[in-house]
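The structures considered in this document are given below.
Below, chain A partners chain B and then partners chain C, in two separate complexes.
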Partner chain A sequence: MSWLLAIVQTLLFMALSPLLAGWLKWCKCHLQNRRAPSLLQPYRDLLKLTRKQPVVAEHASWIFTRAPYIIFSATVLAASVVPLIAVDLPTAASADVIVMVAFFGAARFFLALAGLDIGTAFGGMGSSREMTISSLAEPAMLMAIFTLTMTASTTNLSFAIEHVLNEGLVLRPSFVFALFALILVTIAETGRIPVDNPATHLELTMIHEAMILEYSGRHLALIEWASQVKLMLYGVLIANIFFPWGIAQSFSGAALGYGLLAIVGKLAVLALILALSETLFAKMRLFRVQEYLSFAYLLGLLGMLSHIILEAAR
Partner chain B sequence: MMILAYGAVLLSFTSSLLALLTQQRGMLIRFSGHCLTRFPGWQPYETALRKALSEHRYPILLKRAVFGLLGLSGVFAVLAGLAALMSQQVVTDQIPLGLPWLPWHVRMDALSGFFFLIIGIAVGAVSLYGPAYVAEYQENQHPFAVLGWFTGLFVAGMQLVLLADDAFFFMIAWELMSVASYFLVAFQHENAANRRAAFLYLLMAEVGALAIILSFGVLASFTDGFTFDALRLSSLTPTWASIAFVLALLGFGMKAGLVPVHVWLPEAHPVAPSHISALMSGVMLKVAVYGLIRFCFDLLQTVQWQWGVVLVVLGTTSALGGILYAMMQPNLKRLLAYSSVENIGIIFMILGLTMIFMANDHPQLAALGLLAALFHAFNHALFKNLLFLGAGILQHQVHDLNIDAMGGLIKRMPRTSFLFLVGCMSISSLPLFNGFVSEWLAFQTALQVNVLDNGVLRSLIPVAAAALALTAALAAACFVKVFGMIFLGLPRSRHSEKAQEVSDPSMLYGPTLLAGLCFLFGIFPNLIIQVLNPVTHLVLGSTLPNAEGLSWLWLVPVSANKVSYSPPLVLIGVLIAGGISFYYLRRNPDTKSMRRAAAWDCGFGGLTPRMQYTCTAFAMPFRRIFAKVWLIDERISKDTQGVQSLDVTALHYQLQVEDHSWPRLYQPIAQGIHQLAKQVGRIQTGNIRIYLGYSFVTLILMLWVIS
Partner chain C sequence: MNIEQQDFYTQAILSMSALVGLASFLMLGQGRLLRLIFVFAIQGLLLTLSTAVAAYSLHNPHLYISAGLTLVLKVLFIPWMLRRQVLAMAMHRDVEALQNKTLVMLGGAGLTVFSYYVLHPVVQTASTVMVNALAVSLSVVLLGMLLMISHRQAVAHVVGFMSIENGLFFAAIVATNGMPMVVELGVAFDVLVAAILFGIFFLHIRTSIDSLDVDRLNRLNEVDQ
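Moving on, here comes the complex of A and B:
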């Protein structure tokens, strides 16, 4: 039963992530006085891409053509670990939160290699920048998450969220720091403004888009879908770690339905906030990103230190 | 068990002796002729013997025999190690060699057994790889006799260090290892740079050995005798124990390549033959780690938490410094050497955590830490060996080690590139590979910090964990660069355009073995963790908190409701997700095949290799962000022509990245010694009367002292 639920939950993750991307776009368009595409547009785009024959550059090696599958499956595995509508998942035991971060590392490793594979200047530029940003973002993210795992004294996400639920509403300074650190990291890791602009193809500013420039057809569909899942996953992390209320603790139908409603509501609010910030802020220069990320890192560290000094003091 | 270990040592000695026969073909022919006349029964073998001794066949056969014996020594070492780990017994012995009243004491326990395992696997892989690699050396310029002789001695030296059970024997074996490897580093001595690197290596190895002797001396002065059993009984005051620890740390750290005494590593590793650098980086550094573990946890008995803090700080510095310096190196083997500094830093950091937990009476968590450190040492031996052997293949086929001169080799060398990719993924600690498991265990150790009472420690260790996270992320970036620049893209030079896969498949057997082990222990880490439990029991007197929870499927180091990781399940999940997407998306026969076309590249077209990012360009953002870490000398000059020099005809870019430790640490020391020598030189006037005066004064003084 619980295995089945874990699989269903992963499928739900996959199915809902384009909707989140559509909703984000919808909010952004309305905030910027533009006409919004339908909420279902991302699904249509993905379907269209899967039907097309992929065009591959002549110098491409097997890394280029296999990377989308690796990236996609690593992202799916990462999604399977994160509690979406219910805690106490068996999959959460097979891979804890450090493994989840490492899955993203693996996906990024292959994405960066694929960017270098064709031998264009854009690909190299994208890979170099992506690896730079992620190597600063990953420790910041781990810092933020370690604050949680040290509070709950487990790195298993399911147990950690349960721990937060059982503690009830306690205002912890460490969690506030960690929340802000995780939000900053989320923006950097999912390639949103002000770190990267997902809508741009302006050669000097792009990061993620520069790496996937040569992809087409089903390969592009897989990568796009994976990045939508990644965006949703970070959203779920923020929503369920810091505001876990509503998540199902038992496997009854009512609790699960309530959990689904709760997470959809929470994600919708988070996406709205993200759309708002993307409308209000401009993209940063590349070499300001390090200051931004070191700030996130510092916040994560402060969160951990305040946990150790203030909360776990004896 | 002991017989297996002796067998391993003797076989490597035999292989070194056999290598000496390279020049002796004439003598062997005469000898065989002599034998044939003596023993008529040998006549049937005459033709075979003639053939083997023919001018063409003889060197090849001999090389195979030498490396075969070395490989056999590796097999024996693996068996001895496994026997020691499985039986969990401590076997001691005495060899009546050396001085008459000082026989060599020998001991084999689980700790040395584990390191025997590391040596055995690495030596086995190297001996599969060696014959094809050394075939390119010209006999008159780089005689095989020298290479084979010192390789055998080097391996035997490392094995003897692990067996030693008294300080004298330990130092003899240690020096055998150091000096033999010095000759191997100096093997291609026609370049001045190689001689300089070898001299630097010898100098630092000897200073390190001096520090180790002194640390043994401190221990020995509190007890009688130099056997380890006697040293264990010495009861030191905390101050003297700390002095011994610092000396041992200096000595073993110098060998292991801890920052700031790491400078010999990036000089010596690139100039040694690749299979030797693989052994030095993969195994010899581990022998230094063994020395430190043996000294601190076994001989000193009680550890102090302050030592742990020192190790954590030094280890973190080495890890971060090593990977940042590695990032900037255009020479592949130099880069790998710096990456060894990083990995040794990680190992020392975890050992520091172990000491802290041990000193604070949490032996089970200390066991977790020691296990993580040893597992990382094992993993590093596997993947670093693999990468160095890969670098050797590249040097062999591309005739260059400059990453910026390679590119596009994945199509020309598919098998090598795949093996190298496994090494890169493993060292970048991606899940499903062994590098990740040990790093995961290290994080788990660091996250148990809540049990400590000391507030300073509880804040320090998370910072170290954060630095470990940064190191891992930087390592991933570094090895994306390495693999991407070498194997992907378009070839950047004529050599790499013409490069081909190795013609002799035997060269790939060793790397294949190592890559297979990297994957195997990434999926089933419990195979190693189970054999490591006796080691932690022996060294710390305690095993994992959750020792029963080990099964082939789950890795549960602390307790089931805290942390768990199941690589086989993850592998199954990846296969299912990847398989479904792969087959589902290719179900339509019309779009199943891919169309090949010119790269789009935003419509610019006309792709040339010069447009690609180079390794220098890839690392540029890091160079700007962490600018303070290096001494960077970056120069751009323009060639101009025409009116007012407005036409730029060419741009020249020069980049020099230097290590801080040279001007900060070594040059002051060198200058200091120089100054001192000048002062001492003052008494050397060259005048015979003055010297006679010195003798006279000395004589008077001596007489006065005696009376």
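Moving on, here comes the complex of A and C:
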């Protein structure tokens, strides 16, 4: 039963993530006085791409054609670790949050390799930028998550969220810092506006897009889908760690339905906030990104420190 | 006692104190005057919130008046006035090159540790919230002084001075559960007068040395020319 639920939950991750991307685009268009595409547009795009024949460059090695599958499966495996509508997942027993970050690392490694593989200038530039940013973002993310795991004294996401739930409403200074740090890291890791512009057509400013310029057809569809799953995954992390109320603690139908409703509502609000910040802020210069990420790291570190100093038993 | 066992007031005050301390650090590393003033307004807002929380949980209605005063003075009026002056003197485009920013930040961290070190024996017998919140407010005072030392613009000095006052105010709320109304009114009025006086000083400094960079006050006009 619980394994079935884990599989259903992972499938939900895959099914709902294009909808989240569509909703984000819809909010953004309305905020910027543009006509919004339908909420289902990302699904249509993915479907259209899967029907097209992928064009592979002459000099591409096997890495280039295998990478989309590896990236997609690593991202989906990472998603299976995160509790979406119910805590107490069987997958949680075998993989904790550090494994999740490692899955992301593996996906990113292959994406960067694929960018380098073709040998175009833009691909290599995108890979080098992506690696620079992620090497700064990853410690910041781990710091933010360690704050949670130190509070719950487990690195297991399911148990940690359950711990936060059972504790009730406790205002923790460390969680405030960790929340801000995780939001900053999310924006950097999913390539949203102050760091990277997902809708750009100018190759020189691209980061994520530069690596996948050569992809087409179903390969591109898989990579796009993986990045949508990744965006949703970060959203779920923020929503369920810091505002876990509503998530199902038992496997009854009503609790699960309520959990699904709660997470959809939370993600909709988070996407609205993201769309608002993307409308208000301009993309920053590439060399300012390390300043931004070191601020995120500082926030994570402060969260950890305030856990030790302000919340310690005396 | 762990934080889960504390009451809501303690948790809220601890969270606020962490954010107030963070705001002080942000001010310390800020080279642009308008952003400095903005962070100062945020710190004022945090003070307002913590005063309101204290008023609510301690059933002390006169603290609401104090919260309102803080809101009007430190979040709206003083930042607005400083901002207007910066814009009028066209200094909002200058980025102040902080000498040795890293060293200043490290110094700030050292000051925070120092204030813990100083206060720990003094209030050891009191509650957790006392030790932590008092230590944070002492470090806000010291960070305000460091801000005045490390920045060169006179406007930044005024912001540093006001943030020292913020630290004292926070300590007063936490330690005394609200001072007598007369004292609070007096302090608020003092801050207001100080802000206006500083505005006049800005004009004087500017007319005499044609800049608000206080490093240039070290040189005597007559000797140099």
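As a working rule, the second predicted complex is superposed on the first by the 312 of 314 C-alpha atoms of A that agree within 3 Å, B and C clash if a C-alpha of one lies under 4 Å from a C-alpha of the other, contacts with A are read in each partner's own complex, and residues count from 1 in each chain.
One rule holds for everything that comes next: a residue touches a chain if its C-beta (ideal position, glycine included) is under 8 Å from a C-beta of that chain, and two chains touch if they have at least 3 such contacts.
It should be emphasised that the depicted structure is a prediction, and the values quoted were computed from it without experimental measurement.
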(request) After lining both complexes up on chain A, report clash or fit for chain B versus chain C. (result) fit
(message) In the superposed model, which partner reaches more residues of chain A, chain B or chain C?
(response) B
(request) In the overlay, answer first, second, both or neither for which of chain B and chain C A:Met150 touches. (result) first
(message) With both complexes overlaid on chain A, does A:Glu311 touch chain B (first), chain C (second), both or neither?
(response) second
(message) For A:Ser80, using the defined touch cut-off, is the partner it touches chain B, chain C, both, or neither? Pick first, second, both or neither.
(response) first
(message) Quick check for you: in the superposed arrangement, does A:Leu261 touch first (chain B), second (chain C), both or neither?
(response) neither
(request) Give one of first, second, both or neither to describe whether A:Ala93 is in contact with chain B, with chain C, with both, or with none. (result) first
(message) Applying the document's definition of touch, where does A:Leu11 land relative to chain B and chain C: first, second, both, or neither?
(response) neither
(request) Take the Cα centre of chain A as the vertex and report the angle out to the centres of chain B and chain C, nearest 10 degrees. (result) 90
(message) By the touch definition at the top of the document, which applies to A:Thr120: first (chain B), second (chain C), both, or neither?
(response) first
(message) What does the superposition give for the shortest Cα distance from chain B to chain C, in Å?
(response) 11
(message) Identify the residues of chain A that lie in both the chain B contact region and the chain C contact region.
(response) 309, 313-314
(request) Spell out the residues on chain A that touch chain C in their complex, using ranges where they run on. (result) 167, 170-174, 176-177, 302, 306, 309-311, 313-314
(message) Per the contact definition, I'd like the list of chain A residues that touch chain B in the complex.
(response) 50-59, 61-63, 65, 69-70, 72-74, 76-77, 80, 91, 93-96, 98-99, 102-103, 105-106, 108-109, 112-113, 116-125, 127-129, 131-132, 134-136, 138-139, 142-143, 146, 149-150, 153-156, 159, 201, 203, 213-214, 217-218, 221-222, 286-287, 290, 297, 300-301, 304-305, 308-309, 312-314
(request) Can you check the complex and tell me which residues of chain B touch chain A? (result) 407-408, 410-411, 425, 428-432, 436, 440, 443-444, 447, 449-450, 453, 455, 458-459, 462-463, 465-467, 469-470, 472-474, 476-477, 480-481, 483-485, 487-490, 554, 560-566, 569-570, 573-574, 577-578, 581-582, 585-586, 588, 590-591, 593-602, 607, 609, 611-613, 617-622, 624-625
(request) Name, in rising order, each residue of chain C that touches chain A in their complex. (result) 1-4, 8, 11-12, 14-15, 17-19, 22, 116, 128, 131-132
